[in-house]
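For clarity, chains are labelled A, B, C, D and E in written order, and residue numbers in each chain start from 1.
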Amino acid sequence: MILEAVLLLGLIGITLAIIFGTDLMVAVVIYCAFSFLTMFLYIVMGAPDVAFTEAVIGVISTVIFIILLRSIDRKIK
Amino acid sequence: MIENNLPVLIIIVPLCAALLCLLLTGINRHLGRAVVVLAVLASLVMSVMQLGLVIKNGPIHYAIGNYKVPFGIEFVIDSLNAVIIVMISTIGFISAVYADHFVTDRRPLLHGAYNTIIALLITGLLGMASTGDVFNLYVFLEITSLSAYCLIALGGSRGIVSAYRYMLVGTIAATFYLVAAALLYGATGTLNMDDMAKILSSGDYDTVMLLSMCFLIPAFGIKMALFPFHGWQPSAYTHAEAGTRPLITGVMGKLPAYAMFRFFYCIFGTDFRYVRYLMLALGVFSVCSMLYGSLMAMWQNDIRKMLAYSSVAQIGYISLGFAIGTPIALAGSFLHMIGHAFMKGGLFFCTGAIRYKFGTTDLNDFGRIYKKMPLTCGLLTVAALSMIGIPPTAGFFSKWYLASGAADQHYWIYIAVLVISSLLNAVYFFKLIEKVFINEDAGLKDKWSRGPELPLTMLIPIVVCFVAILGIGLFNAKIVDVLLLTLGEVGL
Amino acid sequence: MRKLFTVIILIVAISTPFFAFDVLPVIGDPDSAPNSHVSDHYIEHAVEECNSPNMVTAVIVDYRAFDTMFETTVMFLAGVSVVLLLAGRPKRRLISPSAVKKRGRTVRGKAVYETVNKDVMISLIEPLILIYAVYVLFHGEVSLGGGFQAGALIGMTYLLDVMVGKRQRPIFNLSKFRSAALAGVGPFIYALTGLISVFAGGMYLEYNRLPLPVHQAELHSIGITAVEIGVTIGVAGTIITIINALMERISFDDDND
Amino acid sequence: MDFNWLSWLPLEYRPLCAVLVSMIAAGLIYVLGEHIHRNLREAITLIASVLKIVLVYSLIPAALAGTEVRLELFRIVKGVSFALSVDPAGMVFACVASTLWLLTSIYSIGYMRGHGEKNQTGYFAAFAMCLSSATGLCFASNLLTFFVFYEILTVSTYPLVVHYRDDEGIASGRKYLAYTLISGQIFFAAIVIVYSVSGTTEFTPGGFLDAKMLPAPWALIVFFMMVGAGIVKAGVMPLHSWLPAAMVAPTPVSALLHAVAVVKAGAFCTLRVVLYVFGPELAKSCGGAKALAWMAVFTIIVSSFIAMRKTNLKARLAFSTVGQLSYIVLGICILTPFSTAGALYHIVAHAFMKITLFMVAGAVFVTTHKKDITEMVGIGRRMPFTMGAFALASIGIAGFPFFAGFVSKANIIFGAVEAGQPLYVATLIASALLALAYLMPVVLVSFKKEVENPEFMEFGEADLRMLLPLLMAAILSVLLGIWPNMGLHLFDLSLMAGNSIFQPLM
Amino acid sequence: MMITISTFLAEKGIYLLTFILLSLGVAGIVTCNNYMKKLICMNIMQVAVIFLFLCLGQKSKGTIPVAVEGLEKAADYINPLPHGLMLTAIVVSLGTTAVGLSLLLRIREKYGTIEEDDLLMRQELLSMEERQRRKQELQRIDT
């Protein structure tokens, strides 16, 4: 229970960082970390199947995000 | 064999066509489209058969995988969704026939992909109408939404932005829907609608129902573009891809309304403690929706935008029926759902045809266009009159049922709003009629001067809509009888 | 206005669980409603009914197989949408006043870190991932994983190959069209499995009725495997399609600056 | 008259056929109009109107005998069927409308060709549609069927009003729509309320509502919501202003609006609502009838004064219509059998007289291009038959004995005396004098001897296609005055209607 | 009072955090000006719902839902149904993200920006331009 709470608090922190950050590349990389933490949380919650999927999807979506960042300005305002 | 599996075959046939469309387009460039159109036609035929069966034998329960009810996914076809499925597959078929003229890029990949997405949109809509499972509904909702995002994004540079905004808002709606589903699952432990309704009515679940209602109203409100949640809708409808716009505008907004009905009347039922609040909230939203949509539509110069705002108003009519809640008013809502699909679809078929022929959608260019396109303008007029609610078109009768339901419940204000809203409708639809029949000729150049008014495949949808609007109007009592087979047990 | 709206959303959402104190079940309670009504049946009957020790697999491809079919369709739909959206050549006329720099030909990034020979690494890793993918696919009903994960792994192999490798030809020589068509074939296999049981006189996706001369329990395994293969093909095709479409559209010329 | 040869068509289907014949004609004209010769197109109109006359007249014996003729085709909404039936009051209006359609059609052909009008196809199609819905109104046997035809009438009149498609036409078209659609929608709301409180919408002589269903304030509100639709179309002040504005349309359209279908439909609607829905008792007890009667009185007086000030002939006639229609409304609101019969008969009488007047105005306009009364000095010398007909009709409007107007007005006055309302009697008599005061000057001016206007020397009598119908109308209006029951037994029908309504009370 | 709060946190605390995450996601979609960030926030929001479902299926003494010899009772395994549902939800969210990203790319190519206010301003300019061009065309036709 405590582990889950700590992980969730970490996720909330990452979300805040994404919302208030000014660099998209940082946001995407942090989102990668978010995805990893999520996976960990799923394992803690006893859902290894979901965690497996999340791991694979986390990789793919992060990579797609980063591919896209090639053509998008990193800086926000 | 086919009779026993009708509910699922109606969905699987267009799905298979969609999945194979790309491959077949690679083999022959016309094969993919032909298969899609035939598949939708097949599901139209099957849906009519299904409607006959439902009227004869009562509701069909189809358990997929032959698992007992709460464990597997179940399709429940009663007279309500049988009628709606017929409506969807009819409009789906005529739009699939119609849409091909608007494909500009005819490379096999793109042409095939376009037809695939149309077929998947129809599949998703049919699935939403047939399913009896809360989570399955979510999946179909997402299929519908994703294909709609794509089709809206195909409508040029404005379309992309509207599609993106719609995607964000639509995902919020889908997420809210999931939250509500989680709450209900958490309270009942099942995902099957009938089972859930049974459990919810057996104990004290009022709080959870109220809470999930708080999430469901915004969720469905966003998807069906009810007043405070309609922000995405006008630009999305305006800039959607021209060939499928009738399908998107005509049918897509109705299915969330139908799902809303399923939740509020079939799952929650009418005897839970907060039902009055629910109805009051819905009533306020729909009244605002009707007035706001009509007022905004009056100021538009682009016919597409005008019709988009008018959709906001018309969705208000549908949810007004839910807010009144007697069987007759609910029947009015459903009649309006069906009728409005044909009216709005028909209007957009006409708009598309005019754009196809003259390349304009600005109302000021429409002067005396009726001389060049008499049939199209005939439908335009009939559909507009139906929107206003002039008998004997479909729009009048749905208004009649709504109003008589309201009168039975002594909601005089709703009757007043119905009257005011249809007068506002009259203002802008007569503006349209005035432009089409009376104003000075704007000297439009015809891109296709040879031959008949329009290609045959574009005339078919127009004629079908014309017949449907008048047919629904004249035989509304039969349709209402069919609807009341189910609704008789549901309402207040 | 928007800030205000946000604050309202925050307040409402945060107060929801307080309000819903009675509504939501206690976490970890084995007797709570969601853990007792339907799920017990799944846990107790998955092995005998579906011949699948992994109950999640039993749920997604047997009890609720219909959902999964449409989940795969959603993937296919996403792939087709991406292709359709990114297929046209971008117009020259940009609305932005600061016109974006001219699109150059696609130049893959020059290798900067020469310490590891990527070609060797890739040719070592890729087969491993593929083997793992096949394992996950066929072993999904017993242990973790299933069609979706296998497909995603195959897609990831392709991704690795495209992103990192320097070879001219990627390991699967798939154009956008072929991969998209393939992505459609996957769910079609799924749908066909269901249709076969319909033609054999059963309900849709009723694996018991598959017309094969094996024992009832085996039929479920066969059905699940067929379905999982469909999912794998669909997902792999879709991910390859998406990556192809994105990579064609985006220029990787910033290494030349 | 003998209609035995028509016996193959069952009696109850004839009203439907009468409605459909002009609807089909409208469709044919609209679809084929531009592709066939105009003579052929007009032949469709004429054949349809003759057929319609035959069908309608063949129903008169049944109506006189009081046999029930009723057709329930399908259910128009759940609980209410689409029903057509024949009753004396509807029969009167149907006879008038169908007879005048033939006359107006012939006249229109002359007018439209003589004037070289555009959009003739649309004109004839919309005209046929109007007549179709007017016939439907007559035979509708419940409120909802009635409303369906009422709205079709509203919409199909619109193209006629905006016929010229200029700014003035559009403006008056908008005005027309604003008045009629708003009142129509309110009528709709009232029908819903009536249906919800009473559970029926079937027209019953003497009304089907009672004070139990609608308590005091509601009865009055619903009464005015329903009657509003009627009096807007009938042009009762202060809701009349669309009617003069609609004068921009061609003269046959004015004739249609004023004499044949539209305003008469309004008056007929008032009749149905007051006497067949509310019934005399409730109308009296809720105070609606009295208020309406006073509105009618006000209109009769004021419109006559306004008419006197107008120099445009058509505008003067328009205000005359406003006044005359209020006779009908007043006759209905006096609530006695005689006044009701008079009101119904006034539909007939006014139709024939007013159509004569408008046809004359149109004929003069086509022949000489004069609209203003002051320019018509001496015109009667050149067009004696035309202006003679005008003189006959004017005298009839004023209500001289042996003219059609006398029969109806006398009955209304009888009714008023019976009801003990001397003020109404005074109003009616005063208005007769006023009518004389605004119509006779036209006749006098046109037959003026001294000034021989050189402009008119080149003109002769109007075109025969215009002259013939207007003379016929004028002669008929005289004949109906001398012999009110001539041929069609219209007066008997009116009396029957009046008696049937008040029968339960006596 | 303290006991109530601590019980609440123990029994329902995860729900609270999940709802906070959900609302942060919604808030991010509404307030962020950058379309890419909105997309990321959308993903976060969906993850929050997945947590919510998984929380419902928790069992304090349960093991992962793969059948093992000797464990027969339903209480021994974590509820597999939410896992199955959430697999679908994750896939759907991936699909939505892919479509969103390709839309984003198109927006960037067309308008040169992915900031919302900038974009709306440019759209406004574009429509003004169109209107002017139209006016000029009309004038040309007149002359």
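Here is the rule we go by: contacts are C-beta pairs under 8 Å (C-beta built on N, C-alpha and C of every residue); 3 or more make two chains touch, one makes a residue touch a chain.
All figures in this text were calculated on a predicted structure; none of them were measured in a lab.
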Clusters that remain linked by touching, chain B excluded: A, C, E | D
Reaching chain D from chain A through chains that touch each other, fewest steps: 3
Identifier of the chain whose CA centre is least distant from the whole-structure CA centre: B
Identity of the chain that, by mean CA position, is farthest from chain A: D
Between A-C and C-E, the pair with more C-beta contacts: C-E
Relative to chain E, chain with the most remote C-alpha centre: D
Geometric centre distance via CA averages, chain C-chain A, whole Å: 18
Chain A and chain E, separation of their C-alpha mean positions in angstrom: 12
For chain C paired with chain D, centre-to-centre distance based on mean C-alpha positions, whole Å: 73
Centre-of-Cα separation between chain D and chain B, whole angstrom: 44
Shared-contact residues (touching 2 or more other chains) in chain A: 1, 48-49, 53, 57, 60, 64, 68, 71
Chain C, residues touching no fewer than two other chains: 16, 20, 24-25, 27-28, 32, 34-36, 38-39, 42, 54, 56, 63-64, 67, 71, 74, 77-78, 81, 85, 95, 144, 148, 242, 246, 250
For chain B, residues that touch 2 or more chains besides their own: 135, 139, 142, 146, 149-150, 153, 157, 160, 185-186, 191
Full enumeration of touching chain pairs: A-C, A-E, B-C, B-D, B-E, C-E
Partner chain D, residues of chain B touching it in the complex: 328, 331, 385, 388-392, 396-397, 399-401, 403-404, 406-408, 415-416, 418-419, 422-423, 426, 430, 434, 437-439, 474-478, 480-481, 484
Residues on chain A engaged by chain E in the complex (per definition of touch): 1, 4-5, 8-9, 11-12, 15-16, 18-19, 24, 27-28, 31, 34, 38, 41-42, 45-50, 53-54, 57, 60-61, 64-65, 68, 71-73, 76-77
Residues of chain C that touch chain B when the two form their complex: 16, 19-20, 22-25, 32-39, 41-42, 62-67, 70-71, 73-74, 76-78, 80-81, 83-85, 87-88, 95, 176-177, 180-181, 184-185, 187-188, 191-192, 194-195, 198-199, 201-208
Contact footprint of chain C on chain A as seen in their complex: 1, 48-49, 52-53, 56-57, 59-60, 63-64, 67-68, 70-71
Interfacial residue positions of chain B with respect to chain C in the complex: 1, 5, 8-9, 12, 15-16, 18-23, 26, 62-67, 70-73, 105, 107-110, 113-114, 116-117, 120, 123, 127, 135-136, 139-140, 142-143, 146-147, 149-150, 153-154, 157, 160, 183, 185-191, 199, 207-208, 211
